[in-house]
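Okay, so subunit A shows up in both of these, paired with subunit B first and subunit C after.
So, the complex of A and B:
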């Protein structure tokens, strides 16, 4: 177990280092001269050169890379060319917004997928299986952003129940916050639920056919205890696995959902920084996303190996 | 033809017939197949069956409701015929879905074959590279590529393809690792067959089933992905019609012309659902683990 975690940790750190190199090179491939952008369109060559020297932009790439990493680990991600504010500060302000959205989405997904997946598995081959299964296939086929538009159309335009966009901090007004978060979180949650429900169903079917369930039944335990306690314990492993696998899709979903519902989170920052050519901001937000992805996947893998010791045996192969 | 070759041929024909029968006995899969064929035909013949020029606007007839005279699905904010634009949009969607899947499959399968067959340092390098690719979620990657290379359908396809390469690498590698230890492959190696022959004739041919299943999952994802990128303005560029662009312009008029926001979404959903149904059917008949 210790070796598995250490090995997995080593791989994660390596992936993180390689990812920072990719981000560094990609940002240098972006069109436009950073020093020129900072100095302004009409600045003369002397000013541009001075800025280049000040920010170390005339240094060789490896030196610039090490400087960037050196600053980044101390929490300094530079200043945004567009707003003149610190990128780290902007990230810190936006992170809680996106985290809230993601956590709500996961809760909604689990609330939908767990009971439906269980229902489908227990009543396999009947209408109570086909309906949720078909529903999840439709959920997989409907684009997030269209679902978002449909919700806005229904609940904001037609019924006038919920505000169509915007963000209010929870501390300021819990009702205002949730009434604005419920639609975007549902959009993300339904997409995730579609994947999770299918996985849950097959995991549950497998569990229901296994020896320990047969033993539980033979002991005379009620069906409710068998399904609800014994088989459901397996479901936890599935939720963790699917979250790891779907994390990338969730992050992509956040980018587009925040755009539709005008939520000032990390996803909107990603798009805004591209459209306003704020490359320092883009570099910062992509670095944070990649780091979060790697860290969460590491945690998922370790949790998974704790929940399911079999995986560690085969771990050497991957 | 020798008797042995004839027997192999017969066995193949028998296997194909059996697979076809199993496929045909699944109504959802057949519905999916019919849907896919329809969408492909629509994309091919779009210019012939479009009632209007999809780029032609008429400022006197903006936002005509569906079923108004001459415009079955109404007109958009510039007075263009929505049906014609939906038909033309199928081309962006399908070409993106198919091209991105093909590109991802070719690149991913190649690296997967190399990693699984040669193992060692090459395997390590390829697998770590896929880890890094996964750390950049598809939309983040697409946004970055659009920033570097400029927004276009081709760059959107490239981003979509890159994001699904890791899946193909992993699946192919896992298959190859298993197949490599099979007696017939070991025999071919001992007999001194060139790597090229072993990889393509003995190994790749036996990876086809999981790869077909993976492709059937990838295509609808790519179709939705293209729509998402075009929606955000970093995919297909106007005036070319794309379902994603139609949705993004519909968002601005959602209270004025709500039906305009419905139609392109239905088109995307039906197309993706057809591929998903077909994919589920293929998985049922091809993946031995799924048949229970």
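So, the complex of A and C:
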């Protein structure tokens, strides 16, 4: 177990280093000139050159990269060209917002997908299978922006139950926070639930067809234990992996949803930085997203090994 | 003596997309307390289906008729909940595939203990201690450390020991062993059979042994039922049946086993039975074995012969019984 975790940790760090390089180059391949944007359209060439020198933009890329990394490891991600504020500070303010959104979305997805996937698998080929399966197909097909607008129309415009947009910190007003987060979290959660439910269904069907399920029944165990303990534990190993990958995708996939519901999270910051050619801001937010993705994958691998003893116990020997 | 387990006129049909399949047709057998009964036949003869129907573990596409008595309890009419009380406590089962029959996600101690917690109301701690004793009973090396291991850490033979420990945890009245040694190598086979013999002597468990391995039958069984295409074709005490087989299928099965003890140094060619076990769709209107039988005559193609008492304790379903060796080299009528 210890070696397995250490090996996964090493791979994660390597991946992170490689991704910083990709981020750095990709941001610089965007059309447009930061110094020009900062100075303004009609600025004097001398002013643009001065800004370029001040932000180190006239240095070769390897030097710029090392400077960026050197500062980044000390927690300094530079100053946003768009807002003039510290990028790290902006990220610190926005990360909790996006994290809350993602966690709520996952909770909604798990609450819908696991019971429905299990139900569909146990009653395979009946109405209790077809209904959730068809529902998940709809959930997969509906675009996030459309579902978001539909929810706003229904619950804010027509029924007037929920505020249409905006953000209130949870610490300030829990009710205000949740009433604004519930719709965007549902939009993300429903899409995720559709994917998870199908994974859960097929993993459960596979598990229920195994010889060890026959053994469990031959022991006289109730169907509740056969399905809810023996089959579920094996099905979860698959589902946890998918959930982790989807959670990573969720952190970077909140761009559209945050835009629709005007939520000041990482997704909105990404979009704003791209529009204002804010290299430092964009680098920072993409780096954070990538880091989150890598950390989540690492945690998923560790969780997976906890659920699956073949990985946990066998790793030292094999 | 009243039999421990009495199966009467058991028929099992499967509804499939290609129509109905008759897997077992009016099969009857019984096992006395402490007796080892072997169900013998090729793959696809209905042996495992028979065993699974006793525990009522067949999938829902199967329809089962007939009577299954455990002592005085009719199992076929019990509710699902009542049947669950029987499974694992009064009748337990060992399966053919020790590699896949244990749950990979739980320790073997948990899986053995589960039976005890379910049927004996033990606590987790008590069940774990009893699981260690049971592992000792099935001669698992180092049971105290093995109890916390997972199935993938054990060899095939050790896993089958775990399956047996699980099956005998509640000292069942009947143990159904479906090809318990098939997946194991020969030395392990002998050890597993020793354990089963030992249990029979110690607990008085009746054993229904399903196998196609006549060596195993000769080693451990008291009586034999030979099955072919869902039918019982011959039955009798193991010594009589091996010495004096009556049904040509039994004769053929015995001819396919190497018997160095009988050959006396002379090379004897092993006999095979050409052809495959047929799949029946309805009750047969001819002897089920006729297409592969060298003795088959017009009579055999008109009706399924009934089981008749041919020797003092031996039944066979054949119009031309006898122990002479069938010569398959002269061509089969099929």
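What we mean here is this: the second predicted complex is superposed on the first by the 264 of 318 C-alpha atoms of A that agree within 3 Å, B and C clash if a C-alpha of one lies under 4 Å from a C-alpha of the other, contacts with A are read in each partner's own complex, and residues count from 1 in each chain.
To be clear about the criterion, a contact is a pair of C-beta atoms (placed from the backbone, for glycine too) under 8 Å apart; a residue touches a chain by one contact, two chains touch by 3 or more.
Here the structure is a predicted model, which means the values were calculated and not measured.
In the overlay built on the shared chain, the residue A:99 is in contact with neither subunit B nor subunit C.
Taking subunit A as the reference chain, the count of touched residues is higher for B when subunit B and subunit C are set side by side. Applying the stated contact rule after C-alpha superposition, one finds that A:212 touches subunit C and leaves subunit B untouched.
Once chain A of one complex is fitted onto chain A of the other, the partner contacts of A:306 are absent, as it touches neither subunit B nor subunit C. Within the superposed three-chain model, A:222 lies in touch with subunit C and out of touch with subunit B [touch as defined at top]. When the two complexes are overlaid on their common chain A, residue A:14 makes contact with subunit B while staying clear of subunit C. Applying the stated contact rule after C-alpha superposition, one finds that A:146 touches subunit B and leaves subunit C untouched.
In the overlay built on the shared chain, the residue A:131 is in contact with neither subunit B nor subunit C. Residues common to the contacts of subunit A with subunit B and with subunit C across the two structures: none. Subunit A meets subunit B in the complex at residues 11, 14-16, 18-19, 22, 26, 29-31, 134, 137-138, 140-146, 149-150, 152-153, 157-158, 205, 247-249, 251-252, 255-256, 259-260, 267, 270-271, 274, 277, 279, 282, 286, 289-290, 293-294, 297, 317-318.
Put simply, subunit B touches subunit A in their complex at residues 28, 127-129, 131-132, 134-140, 143-144, 146-148, 163, 177, 220, 224, 227-228, 231-232, 234, 247, 250-251, 254-255, 258, 261-262, 264-265, 268-270, 272-273, 276-277, 280, 292. On the subunit C side of its complex with subunit A, the touching residues are 55, 57, 84-89, 92-93, 95, 97, 100-107, 114-115, 118-119, 149-150, 152-153, 163, 166. Residue ranges on subunit A touching subunit C, taken from their complex, read 210-212, 214-222, 230, 233-234, 237, 307-310, 313-314.
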